[in-house]
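In the two complexes below, chain A is the common chain; its partner is chain B in one and chain C in the other.
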Partner chain A sequence: MAITSIKNLKEFSTNNDRFEGAHTLCPGCAHSMIVRELMNCTDDNLVISSNTGCLEVSTAVYPFTSWDTSWIHIGFENAATSVTAAQVMHKVRKKKGTLKDNDAPVKFVAFGGDGSTFDIGFQWLSGAMERGHDFTYICLDNENYANTGGQRSSATPVGAHTSTAQAGTHSYGKKQKKKDIVSIMAAHGSPYVAQLAPNKWKSMAKGFQKALEVEGPCFINTVSPCCTEWKFDPKDTINLTDLATDSLMFPIYEIIDSHELNILYRPKNIISVEEYMAAQGRYKHLFKPQYRHIIDEVQKDIDAKWDLLQRREEARL
Partner chain B sequence: MAVKFDLNEREVWDGNYAASQALRQADVDVVVAYPITPSTPIVENYGAYVGNGFIDGEFVMVESEHAAMSGCIGASAAGGRVSTATSSQGFALMAEVLYQASGMRLPIVLNVVNRALASPLNVRGDHADMYLGRDAGWIQFGAFNAQEAYDLALCAFKVAENHSVRLPVMVHQDGFITSHTAQNVYPLTDEKAKAFVGDFVPVDDMLDFSRPVTYGAQTEEDWHFEHKAKQHKAIMDSMPIIDDVFAEFKELTGREYNRVESYDMEDADVVIIGLGTTVETARVAAKNMREKGVKAGVVAIRCFRPFPYEEVREALKDAKAIAVTDRSSPGGAMGAFFNEVSAAMYTSVNRPLVTGFVYGLGGRDFSIEEAERIFAEQQAHADAGHITTDIQQFSGLRGPKLGFFKTARG
Partner chain C sequence: MSVESQDLNLCANDNRGQLQLGAGSGLVGWDEVTQGTVLTSFEGDATGIANKKAEERLYSDFNSYTASVASWRVNKPVFNRDICIDCQNCWVWCPDSSILSRDKQMLGIDYDHCKGCEVCVEVCPTNPKSLLMFNEHADLDESLAAWPEKKKKAKKSEEA
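And then the complex of A and B:
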């Protein structure tokens, strides 16, 4: 049953879903919350593809599968391509009348982590967006290659420690800014792009539904806090997500038709970036005297981005 | 319904056009492609069929060959007929996903117009790309001319989609020599071709929601080995099915194909065994040599994978000296084709003398005279009763003679 009829979280959590509870994701991983929500927000049939990553290795280890729907994984980079080609095949078979059920409604969704979305699969994603297929791509953004032990990706924020951008006596961790994937995807002319978070589950479900309903290539970046690599207690995933959205490290917004920007969540009390960072081990070194200025720099950057976002919303740009 | 395409009983087509016509007649549901010389005209022609309504399927031009094969996999798993074409660097870029296609047992047909691999950059034909695919778990057919590129593409769908096979198939033709040379081609009528290829019957259809399927699962040391062994068994077991398809095709057209083709082999002492257009050159040379009293014959590999060890051994069992021709730089080993033929012949009763020739790299012409020299050399080995040269030689190369590895039997 689609989430539209679900009144509260309790009902949602007991909903009969197509993503089975039996998977090997870390306790406290937000990936499963996001995936379940996507699959619960529609009654339509789903064809899902996944890039290589945490979600993929944790949900389809032979002879088991967590997917009670059609699912395909090829490689690290090509989930956008495989699912859009399946969508093309669906179109042809519908026209030729060779489907088992020719009228069954189907949605096509690709999942990728930030490594496969921002880095290695960027070209495949861009190509699929440009071709204008009717599909939705959802990035599970945990800001690192968590599946392989926490290497930096181009989604890793400034100052975070990763195994390949290590903090130490001579380094404060990642030095480069996070790639603005949402703007890049909007610039493809997508009818709907958004950044959403699992703590704001109703707006996330609504965003997913919009993406599934609108015809054309849609992109959603979701924040997926990673207790293993961000280093926080698994029970605090949603608390940490609250800090992410309330510090505006992850603002929640959508862009319709490349220009109509709507901020979907305005924190009543904006908290500092410092408070967000203090809750995670990956930023621990920034609290040493020699690196404290990095926190200030990140704060300045986040303030500027929030300002820009508000101005874009006002200007509909 | 697609617009009717008028065909003459005899057409003048190059290999690329012939392959694209086979795709049209096979009523392919989805072609996902990226252009690369010399296979580009296959997808361009297909684009023309789309533009003029000659096909009912969809044509998706993607941003790279990796994406092309990735798309073929996704589309094939969604339960329809899928095909594409590529060459050389594009084939190399596809390499990762070629293994995924066969591992998922998807019956994709890939037309490979053979071309050298850089560096140095080269657009001409050699077999480096074909060799790169030899361990990828695909069935590999070799066409020696435009007619065969057409015929084998039709056969490829029928083999790939056989439910006992369920493996992807490559149809190779030589870049430019076959792909861009116009020849007489006798096509089937659309009706006959369609009936021969048959309807696509999906297995594990992603679009059958009454039975969800998971494609591309992970297996580690507990199951990976069994999966790969099963896949190997499937490709080995495809040999009689390939034979059946060729037999059915012969019944329909009168054109005969065998996994190993033999020419003038009834009493041949000296043999050139080759792949691709080289075979036709060697056949002319063999005829010339026979006029000079040399009992020369030619053996050609129609099906490079699964490799026809038994048929090669049978074809060469009475030969005295065999020259194996590798049109790919071996990079620090004997030629891969030499190794296959040697493996086949080592288990034969007579164990003929086997030498290898690396030739024709980057489109260097392989001449009739060159083939005749190779035959003469084989005759010298046969007369001496042992190999009188290096086992590996480079034929048609500028500068001093280049050769490696001597026999211990002389």
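And then the complex of A and C:
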């Protein structure tokens, strides 16, 4: 595989973007940062498929496409299915020698939002992982159905206000905990599963390269702060990602062969979850006296999860 | 032309950035397109596109590179070459592929694709920042003249 250099940002910046501007994602959206990084970390041909979601509707506004690679748009469920079908077709045609360029390396990538990954497309993703195709699934996790008006998804964390789990006098927003998708995917026996964040560009590019290189179904969950639904200023996308990784709401780690867990980023100064929540409008109500205990509960939960991650890293399981 | 089995009536689009998204550009509507229509990203062969710079590529009229979202902007980032250290932070985090970097050098901003989100200004590490937001209609020379001075670091005694 033709890996591009990610030694430092200067080297990385010599890559030619294959994701074009003038897509209609919101200003400051992290989706395009992640997509650009994936496409810049390899020179290989890419076949990309997108679930319905912000990324898909914004990059294919008739008559324009923002993709300089092969790109398939398909329904809410089946990005994983369609890209694995393309992969099998490529494999068969390569064997028969009917491809235009038989030796050109091709990588298969599926992008899905958290709604299509955690909820709607979960069964299809699980199926594709089980069949063991050589592809990479990247979840752009913005913790709600941002494309349709910010409904709750099973990625929404406790206490967040969404349009279908509203905060008010009788409710503090979503009551259920977030699904641990990374562990679920690791349990499928995937060779490479990771959770990455765009503010740590190097660990993200390394993770992407590893996922593309490894043969077999790989899954990557990426944090994608949504300025529209998390309610913060677009310019703070990277600052907020910093808060997310430093408060351990989104620990950055990888699981190799479903047992070898490596923590890729240990914050020097761990900040409180409260600080992370204070930067976003969707947690505004938690700072009222009657809901303050939710913040403590979330903090306790995050601490326990971080403890578990460290133990797992030590025990290699 | 890369359009097959279809008599799409394209408007002249020689000037990049003239075509506004959704602004009734003379194309047939999305609901009038017949089956089998192909709208490709490039004119002709797209092999090895990863190794071609934007200016070497033959973009077709259907690539969003030929479109513009400049009208989204209220404030624009202005780039000051004198202070820039080419760290490329703005390049890696620009969500709109609007930072023009060639040969490890930051050259400027692609104002056709920039939406004015200000992320580049936030991630700029120099002192003073080499990218700052100015009004959309601000003149480049006037903006550069109005650039703030280097901020001195607060002394430790003052901090305390």
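Going forward, the second predicted complex is superposed on the first by the 303 of 317 C-alpha atoms of A that agree within 3 Å, B and C clash if a C-alpha of one lies under 4 Å from a C-alpha of the other, contacts with A are read in each partner's own complex, and residues count from 1 in each chain.
Definition applied: contacts are C-beta pairs under 8 Å (C-beta built on N, C-alpha and C of every residue); 3 or more make two chains touch, one makes a residue touch a chain.
The model shown is predicted, which means the values in this text are computed figures rather than measured ones.
*Asks:* After aligning the two structures on chain A, examine chain B and chain C and state clash or fit.
*Replies:* On the shared chain A, the partners clash.
*Asks:* Look at A:127 in the shared chain and tell me whether it touches chain B only, chain C only, both, or neither; answer first, second, both or neither.
*Replies:* The first partner, chain B, only.
*Asks:* Touch check for A:236: first (chain B), second (chain C), both, or neither?
*Replies:* After superposing on A, A:236 lies in contact with chain C but is clear of chain B.
*Asks:* Using the touch definition from the top, say if A:99 reaches chain B (first), chain C (second), both or neither.
*Replies:* first
*Asks:* Mind working out whether A:67 is in touch with chain B, chain C, both or neither, as first, second, both or neither?
*Replies:* Both partners.
*Asks:* Answer with first, second, both or neither: which of chain B and chain C does A:47 touch in the superposed model?
*Replies:* Only chain B; A:47 stays clear of chain C.
*Asks:* Check the residue A:271 against both partner chains and state whether it touches chain B (first), chain C (second), both, or neither.
*Replies:* neither
*Asks:* Go through the superposed model and pick first if A:201 touches only chain B, second if only chain C, both, or neither.
*Replies:* After superposing on A, A:201 lies in contact with chain C but is clear of chain B.
*Asks:* Any idea which of 75-83, 165-173 or 219-227 of chain B is the one running into chain C?
*Replies:* The listed stretch with clashing C-alpha atoms is 219-227.
*Asks:* Overlap the chain B and chain C contact sets on chain A and report the shared residues.
*Replies:* Residues 45, 61-63, 65, 67-69, 101, which sit in both footprints.
*Asks:* Quick check: in the complex, which residue numbers of chain A touch chain C?
*Replies:* Against chain C, chain A makes touches at 9-25, 27-33, 36-37, 42-45, 59, 61-69, 101, 198, 201, 233-239.
*Asks:* Any idea which chain C residues touch chain A in the complex?
*Replies:* For this pair, the touching residues of chain C are 21-22, 25, 27, 30, 33, 39, 41-42, 46-47, 49-54, 57, 61-69, 72, 86-89, 91-98, 101, 103-104, 110, 112-119, 121-123.
*Asks:* Contact residues on chain B for chain A in the complex?
*Replies:* By the definition above, chain B touches chain A via 29-30, 32, 56-58, 60, 62-64, 66-67, 70-80, 82, 96-97, 100, 200, 205-210, 212-220, 223, 227.
*Asks:* Where on chain A does chain B make contact in their complex?
*Replies:* It is residues 45, 47, 49, 56-57, 60-63, 65, 67-75, 77-78, 81-86, 88-93, 95-96, 98-101, 104, 106, 123-124, 126-127, 130-131 of chain A that touch chain B.
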